[in-house]
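Please find the structures below.
Presented sequentially are two complexes of chain A, the first with chain B as partner and the second with chain C.
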Partner chain A sequence: MSDRPALLEVRDLRVTFPTRAGDVHAVSDVTFSVGRGERVGLVGESGSGKTATALAISGLLPQSVSMSGSIRLTGRELTGLGRRDRRKLCGAHVGMIFQNPQSSLNPAMTVGRQIVEPLRLHLGLSRVSARTRALELLDEVGMPAPARSFDEYPHRFSGGMRQRAMIAMALSCRPELIIADEPTTALDVTIQAQILELLARLCAEHDSTLLVITHDLGVLAGLADRILVMYSGRILEEGPVDCIYHRALNPYTLALLAAVSRIDRPLEKLRPIPGDPPSGLQMPSGCVFHTRCPHVTGICRTEVPALLPGADPGHRCACHLAGHLDGLPLDAGARR
Partner chain B sequence: MTSPLLEVRDVRKAFPIVRGHSLRRSVGSITAVDGVSLTLGTGETLGLVGESGCGKSTLARCILRLIEPTAGQIEFDGRDVLACDKRELRRLRRDMQIIFQDPYASLNPRMRVEQLVAEPLVVHEITATRRETRARVTELLQLVGLAEEHADRYPHSFSGGQRQRIGIARALATSPKLLILDEPVSALDVSSRAQILALLEGLQARLGLSYLFVSHDLSVVRYISQRVAVMYLGKIVELATRDALFHHPQHPYTQALLSAVPLPDPEHERHRRRIRLKGEATPDVSIIGSCRFRTRCPVARQVCAESEPPLESADASGHAAACYFPGTLHRT
Partner chain C sequence: MAEKSALTAEAQRLPLAAALVERNALRRRLVADPTALAGLFIVAMVVVVTVAAPLLAPHDPNAQDVLNQFRPPSAHHLLGTDEFGRDELSRIIAGTRISVLTSLAVGAAILAIGVLVGTVSGLAGGLLDGTIMRVVDVLLAFPSLLLALAVAGTLGPGLFHLALAMTAVWWVDYARLVRGLVLGVKEQQYVESARALGMSGRRLALRHILPNIAPPVIVLATLQTARLLLALAALSFLGLGVGPPTAEWGAMLNDGKNFLDTAPQLMLYPGLAITITALGFNLLGEGLRDVLDPGLR
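Moving on to the complex of A and B:
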């Protein structure tokens, strides 16, 4: 795992959504920790359970959802807490940045009021000092003309500026943990680059801990120290960023890397992962990826592979065939 | 390239800015597409790249006349698109189809897949009997990699990638020559994105389709296109073959765009120097008669404010950039 003291520890997390068609297992037996000051990327396709994991940590899952396991933030257990205590704790210590700033900002409130609210609520600042602090925050996230932006409504802003406002809100209480769920997916490339740079700079300045959730491996290469790869509610591989990009062992990670179109390599045919992820209603037996894996063998269909250490420190991979894939076509292609 | 399938000449689209409720009046206009010319050959893919608000989707819709361009000429397959009356236009649209970005919003949730794919066949009177329609639907579903049993399901039971396949099957129903793809993979995950790109490639080879591929994602455009046009605030600022554009970008905006694309390579990312652009693209009056990129350009000089640089080819390959100082910025 990490050599830094853990800020966040998630153990055996299970999240199940009851639906009319039956229970959907969004997250199954997820265990990981995030060290203080660390920047961790959680990668997965839609339906992999990455957002459900984030919502479980921040306590934003609806009450109808059943959840088990343990989530500890700075050593305190969050799962048993009542709603009020939990809100108090998470409000002050966890900052959330959502994918779509258009729908997560309140359209009927000025941006300024939305930043002031948590400051008054969680830090108990006076009206005047909350306003001063909010203006500082707007300036810090690179909002042009903070004083004017303070009194504007979100619809007057471009996507990039809205995301800056979201970041200002998330940072307002100086949270120890920032969770960013697809922070740049809705943005243009040049704005995406600005926002990623901003996140990296702010984390470095305040020594904040960052958990970034995305489906885009490109975004994480320059931002994360460590990567967790999720598929169908399980972590299939985790490790330091260089290790995941250059020495990944799990066929799913390799397939994900091979499916990315990129501009820094000679053009070659994309190799899509055939098929679709399982539905969550009916989880495949054994390894969750076996239905799409090019290397599937007998044991993959019957036994769930454990997350076992690889050669690099901190590298763990859940695959029965890890380390035995050398020379197989997908493996060779994805590495080059 | 033989004679082009599609030729767009100096197309312009201005939207009025309307104020007031009971006394609605136009107080000015925003020119979303400002004099764009391009050609597309048979079997060719032209990538049209730009950021939101640059006018790329407006241009795509103008070509189909889903919105009426304010000025310009559009010639498709030897016919003057803008001169067509309603009936001719309907006939013409058999040959040019569009695929939209959001497969969640572009399929009627109350129609079954069979009805969705059969709709264009019925509207354009392509098949005569029910049996014929059903057979063609099955054929189309197979063409895009869906199974016959999918025909009776509703869109909600499909993933994003599968829905986009349904959209493609619908577009192919009329056997078009040109597909306009407006951000067709932007709403999809990487793995379904790769599946759809591979599907589009295969369909092009099999059916000899021409694609106008509109996207903000440069890595996807590089993968699928033979030529690429870069748009900024309503104008094409650079036009080149794929390799020329990605290896030797000339316009500072193209260079900045390329330097902003994240690379899935941690080592490279750590040492990368990005060209940082100030602010965001905002259309305002000050850009008239000058270079539109001037206010954000790292190499702008006096002359850029005095007149607008034309889109000119510097070499025989047709690589053109609308810049007085092309290639001065270097990518790292």
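Moving on to the complex of A and C:
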């Protein structure tokens, strides 16, 4: 864990979606904390429960979804809060940046009014001061010609500009915690880099705490301080960025790293992970990754591995074989 | 999959929203569309006649002149006179006011009720949604004219009662449409992101959902006005609504039917008035739909 005082503490979080076919366990026993000012990346493939975790924190899960465990923001328990209190928290204390900027701005409202709305709602600013603040925000996120952009409708904007507007909205009330759910997935690579740089800069300037959710380990390299690796609703490994990139212990993390395309590595070395993640309806017994793990042994099928500390400070890994994988074929390539 | 459908929805919705928010562009496209232009012209004429009816009517629509019954068109009576010697043109003009204003009032009432019920139903979901939609299903299963007839018959004659009966029956179309649209829009990411900014349910509905479902509702409202006009005429023809001597198109048709073989023009004129007005609203509705939603063409 981090040496900084915790801003967000998630303990034993479980999220279950009831469906016709049965309960889908999206998140199981997830425990982590994020220190104030820290930038944490939550990595996993589709269906790993990363978005469900983010929605649970921001209180946006549909009411039909059952959730248990504890989520604390600056020591305040969020799980039992009423709808009204929850709403006050959203926007004012937790800001969300969504995946698809094409669809996360209201097409029938000018960009300016969309930024002004939370300012007036949460900070009680007057029309004029909210406008001034919104213009500052647009400038801050690098929007060209803020005064003109203010009165434009979102369909006039490019994807990158929309994502900047989205960031301005999320940051408008200076929330303590910013959750960015796949902030660059829908963008061109060059725009991606700009947006990531913008996020990193804004977080540094405001000492904001950032939780970035992504399936792309490459996105986190320059952005995050710490990485949590999720698979099938569980955290399999967590640790500081260079620890995860260079000294990962979990076979899943290693497989993920081997699947990242890199310009300095021949394409043949790009290794997909065989098989599919288990369906949320029927979780495998024991370790959730054992159905695809190349090193699976007997104990993996029966017992859930605990998240145990590794050699580096803050490094934790949930694998029965952690530390015993040296020389095995998979990790040789991944570790470079 | 969710992302793809969101994108498709985006692609379909964007021109709508763009057309709606950019009023200049909307106006230009309305004028460029011949259907819409024709509809707009007729509706504008009807509105002028409605507003200025007392000024435009050459005679008092209720002034009887028993010596001049069933007169053919002349310079003095442009459309001739009816069975009491009343000026037909003045009665048509006076009837415009009653027919159009009643249709518009009922139209506004069913719009308000339908949008409210549809939005609540779509947003609430679950049991409330199910209950409301079953009520709507039941109402839609009845022939609406017959149902309105039954309600108006129970309430007794009179224009106000007729309007009430029509309101009670016709709001369901809006409720059904609006609920469906709300269901689609409420899953949109911008609604989610507004929720993530801590907006209340009412604010979400009023500022983030309703403006985005407006185009199809506007189109339905225009088409619905034509339907209401026809229904009002039908119900008045059957003897509900205004009593004599008030001029109203449906009632005029009813009065004229007794003289169909001798003076067919007494049914022709109100019939034409109804047809042209309804046509105007229909053309405008069709045109608006083409302009607001090119995907439906």
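The working rule: the second predicted complex is superposed on the first by the 333 of 336 C-alpha atoms of A that agree within 3 Å, B and C clash if a C-alpha of one lies under 4 Å from a C-alpha of the other, contacts with A are read in each partner's own complex, and residues count from 1 in each chain.
In this text, a residue touches a chain if its C-beta (ideal position, glycine included) is under 8 Å from a C-beta of that chain, and two chains touch if they have at least 3 such contacts.
Quick caveat, the model's predicted, so the values are computed rather than measured.
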Which of chain B and chain C A:S70 touches, first, second, both or neither: neither
According to the stated criteria, A:T79 is in contact with first (chain B), second (chain C), both, or neither; which is it? neither
With both structures placed on chain A, which of the two partners, chain B or chain C, ends up touching more residues of chain A? B
Would you sort A:T31 into first (chain B), second (chain C), both or neither based on which partner it touches? neither
Going by the contact rule set out at the top, does A:S129 touch chain B (first), chain C (second), both, or neither? neither
Looking at the overlay, does A:L60 come into contact with chain B only (first), chain C only (second), both, or neither? second
Between chain B (first) and chain C (second), which, if any, makes contact with A:M169: first, second, both or neither? second
Once the structures are superposed on A, label A:A221 by its partner contacts, choosing first (chain B), second (chain C), both or neither. first
Footprint intersection on chain A (chain B / chain C) at none
Interface with chain A, chain B side, in the complex: residues 51-52, 159-162, 189-195, 197-198, 216-220, 222-223, 246, 256-270, 272, 274, 276-277, 279-280
Quick check on the complex: what are the chain C residues that touch chain A? 3, 6-7, 9-10, 13-14, 17-18, 20-22, 188-200, 203, 207-208, 211-212, 214
Would you pull the chain A residues touching chain C in the complex into a rising list? 58, 60, 87-92, 94-96, 98-100, 102-109, 117-118, 121-122, 153, 155, 166, 169-170
Note: in the complex, chain A contacts chain B through residues 45-47, 144, 158-161, 188-194, 196-197, 215-219, 221-222, 241-242, 245, 255-257, 259-264, 267, 269-274, 276-277
